[in-house]
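Attaching a single structure in structure tokens format; questions to follow.
Going in written order, the chains are labelled A, B, C and D, and every chain counts its residues from 1.
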Amino acid sequence: MNETEQAVLDWWQTDIIEMRPGEIRYRGYPVEELIGNVSFAQMIWLMLRGELPGEGQARLLDIALMSAVDHGPQAPSIAVARMAATCGVGLNNALASAVNVLGDVHGGAGEQAMAFYLSIQQRQQQGIPLDQATKESLDSYFAEQGKFVPGFGHRFHPIDPRAPRLLAMVDEAAQSGVVSGEFAAIARQVEREIAHRKGKTIPMNIDGATAVIYAELGFPAPLARGLFCLSRSVGILAHAWEQTEQGGRNKGPVPRQYTWSYSGEAPRKVPGAE
Amino acid sequence: MNETEQAVLDWWQTDIIEMRPGEIRYRGYPVEELIGNVSFAQMIWLMLRGELPGEGQARLLDIALMSAVDHGPQAPSIAVARMAATCGVGLNNALASAVNVLGDVHGGAGEQAMAFYLSIQQRQQQGIPLDQATKESLDSYFAEQGKFVPGFGHRFHPIDPRAPRLLAMVDEAAQSGVVSGEFAAIARQVEREIAHRKGKTIPMNIDGATAVIYAELGFPAPLARGLFCLSRSVGILAHAWEQTEQGGRNKGPVPRQYTWSYSGEAPRKVPGAE
Amino acid sequence: MNETEQAVLDWWQTDIIEMRPGEIRYRGYPVEELIGNVSFAQMIWLMLRGELPGEGQARLLDIALMSAVDHGPQAPSIAVARMAATCGVGLNNALASAVNVLGDVHGGAGEQAMAFYLSIQQRQQQGIPLDQATKESLDSYFAEQGKFVPGFGHRFHPIDPRAPRLLAMVDEAAQSGVVSGEFAAIARQVEREIAHRKGKTIPMNIDGATAVIYAELGFPAPLARGLFCLSRSVGILAHAWEQTEQGGRNKGPVPRQYTWSYSGEAPRKVPGAE
Amino acid sequence: MNETEQAVLDWWQTDIIEMRPGEIRYRGYPVEELIGNVSFAQMIWLMLRGELPGEGQARLLDIALMSAVDHGPQAPSIAVARMAATCGVGLNNALASAVNVLGDVHGGAGEQAMAFYLSIQQRQQQGIPLDQATKESLDSYFAEQGKFVPGFGHRFHPIDPRAPRLLAMVDEAAQSGVVSGEFAAIARQVEREIAHRKGKTIPMNIDGATAVIYAELGFPAPLARGLFCLSRSVGILAHAWEQTEQGGRNKGPVPRQYTWSYSGEAPRKVPGAE
């Protein structure tokens, strides 16, 4: 192999997949052995983490993924998908436009909640007890970042029905030794401490709960967003497809008889126009 | 509710999700019951089809999804994801740019293979036997659409190691009555008939094999592409994440010492420039 | 240069840009000479066509580009841009999600209108007079493709105020010999013939009029869509930016007190759930 | 108008465009008067700023836009566009995937350079002389943000041929009173101060130079990125189109005989597989 060839091969260096004619291995495992022996959730774990998960770990990942697929057309991602589906583009394009908007605000709460939990864990690892560590992390958060703790409170649901159920799943997994349960404890302490400060409970939401799961499973925080994107892609696809079947062309955000309120300059002439 | 309100609500009409404060139902099922009782693959089915799948159906869908996650950085989708990850955008954006390119050529073979199988099935339903129906569909395909039958042959693998294994999974499911096996039979007949015409076997590839699964499970053809997008999103995410960890800024397609070959106009002056 | 190196360079072969350290040439012209001597519209032409346009050609291209920048938030592209801007993504991402939906239905009318004009021109070039050629093309269009001729009629404007003004610009350019005016004649004949068949005028819209300009200027039909994307990107950017300044988080399609109408399954239990 | 109707209209409130059947106004100006009297660059200004620019201002904006259209296929945006064009998606989709990657690293240098200039201007406005203000802003930048000042230095060009030419255009505009020239002075002082500290000149690049123009013209910093996206869209479109005409299917980053270097796990068996 000459130097150029090596430089080109090295430019696209990866640990994930190895390929030769007739042969495909992911993380060392031949694809034909993975098929039928490893579930979609296990495969997702293998691709992202490099090793196969235990059964309990895979189950918990599967649960987090299936729980966040959709929150209806009020979510910009879902509305974008449905609108795109009426514009004459492919399902892949509708997916892309929609997943694209899962940014810091619409898709980042899980990642942010997880980063927040990890800051508490770090304090604990320095010997600070949970309640004190939580106080310090909250103090620091409120001082520097904002007034809403990511993963807690919901603008629509007084109690997000997904969160307590997901926490129960984590407890179950902790009891059987699949995970330690430390992040469930951290999250609950955060909820308690916020309630103490605000004088009312701001209950954990789906992002706060899936962040517990991803943290318990040892994913790095940015993948909380990545995994949420995989999950929400399901709802995006379902809505794009339903809209395709409903038909419609150039679906705007509101029925056609309504436009928008205009608040700009009164009518005026272009200087120089006749 | 006034007329405007009704018009607005109706504009975003859906069968998929129902929501009230504190309550989320998908296709009628409350989310807190789905969590822990229904797998990610089952949830994908429920969202797209409206009903929960049987266990065997869910297993087969899961297998199709896990089998197509990645084909390495030579695939434009994967290369795009890795390049995007070095440009200062989020993982959601890297996913979007990459999923976006799963168009007719890069992501459409499954959908096209399935449409082709369905054309054979339609002929069978009119009483034409399988071998004759296959001949007719191939004749019509070669006359109108192209010389490569979608789902057969691979530019890299002499035999795609995923295809025979996936077919074996379909056979297993057919033996236990989960699916009929008719599309496996159709696909094998297509392979035989192509071999007969070309004088050599052009073996089924991953797209031809997953199309068999999606057809056996009763998905409409366009969802073969939609489901492939969900599947490939896993590899896209894994590569975007690996690239993020490797670092790099503005990763071009080849190492920086190489540019491109220029074949245009020789150097010339702009008319009017000094 | 070794063989690998050559293969790599050739893989990215282009006529558009030549580069050496300290030197950039587009289509042969050095960038430092282009700057200050060539307008944005001329540069767009040079990049797409390979040669610099005449002044009158550049002016007409400039007019087509400036005329289609925006049609308000009822257009899916504009609504998507504004929603994206509230999701925590960059302006580049908001642009991408929005430009992405300029598909066959939302962004393809100009390309389709131009293809239709070209079909009439082809008939003329075979010696068929304009009125007869128009009839034949319309017959063939109605038989094969649809009932609405692309580029004519508007769901909101009884008369699209942009179209007659753009046609006047083409006439002016034709009078001064910049263009031939043949596509303006074709488009007007199409309008007349449709009016004759339907018993009422279906007036030319912006897409029909810009298609005339792009055809007069000799662009291939697919670039009518490409150029529309450049044009509409301006409105998309302006709306994304205005929304950014207005603020808002996760802007859905309608105010938060409204959701959507649900038409699916009545509430039901998950089989097997407690 | 009932309350719901008002709420819906207000949800999409804008100063940019007003529309009634047969009537379109941008910022108060009727579209039919704008067409033919206002150039594409003037229209871009009007859409983003709310008022029409003077002739000299429009010329400078036009220059900045035309100068940054393309930097060849080594730029991820251009490579992505060309790859996308071979995947069976529309030109709008190729544009979207490519513009999408103009993130903080690939498309943000102009915005960052402008923010840096503005920090110096702010110090000047507090009475600190230019050389001292520049020193303080550089000190603060090196302490907090990084070692490379955005807008200076280029990994490929020893001297970016676009930058001095663009600065000359600003000087010309300053001499005729179109702009003040203060940001040209700031940028030159930054270049001098960096040279003084590093012992060698790190010359201004295209991003540093267009940031001068956008700052002189009074655009807010985030629009430096927005305008760059409009500009680069031209090159993206040209390359996507050239690739379309060249043909190719599923163009990967390197010729097909090369794959990538694999650095992961050695071949291994899936536990539980036969």
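Just so it is clear, a contact is a pair of C-beta atoms (placed from the backbone, for glycine too) under 8 Å apart; a residue touches a chain by one contact, two chains touch by 3 or more.
None of the values given here were measured: they were computed from a predicted structure.
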Checklist outcome for this item: Chain-touch separation of subunit A and subunit D, in steps, is 1
Item to check | Numbering shared by both copies at the subunit D-subunit B contact, with half separating same from different | outcome: same
Item to check | Centroid spacing, where centroids are CA-atom means, of subunit B and subunit D in whole angstrom | outcome: 35
Checklist outcome for this item: Averaging C-alpha coordinates per chain, one finds the centres of subunit A and subunit B separated by a number of Å equal to 22
Checklist outcome for this item: Within subunit C, the set of residues that touch 2 or more other chains is 4-5, 8, 10-17, 19, 30, 34, 38, 72-73, 79, 89-90, 92-93, 96-97, 100-104, 107-108, 156, 253-254, 258-260
Checklist entry - Quick one: in the complex, what on subunit D touches subunit C? => result 4, 7-8, 10-17, 19, 21-24, 26, 30-32, 34-36, 38-44, 47-48, 62-63, 65-67, 69-73, 79, 82, 90-93, 95-97, 99-104, 107-108, 156-162, 164-166, 168-169, 222-223, 225-227, 229-230, 233-235, 237-242, 244, 246, 254-255, 257-258
Next on the checklist: For a test of understanding, state which residues of subunit B touch subunit C in their complex under the given definition.
Outcome noted: 5-6, 8-19, 25, 27-30, 33-34, 37-38, 50, 52, 89-90, 92-93, 96-97, 100, 253-254, 258-273
Item to check | Contact footprint of subunit C on subunit A as seen in their complex | outcome: 2, 4-5, 8, 72-77, 79-80, 83-84, 86-89, 93, 96-98, 100-108, 155-156, 249-254, 256, 259-260
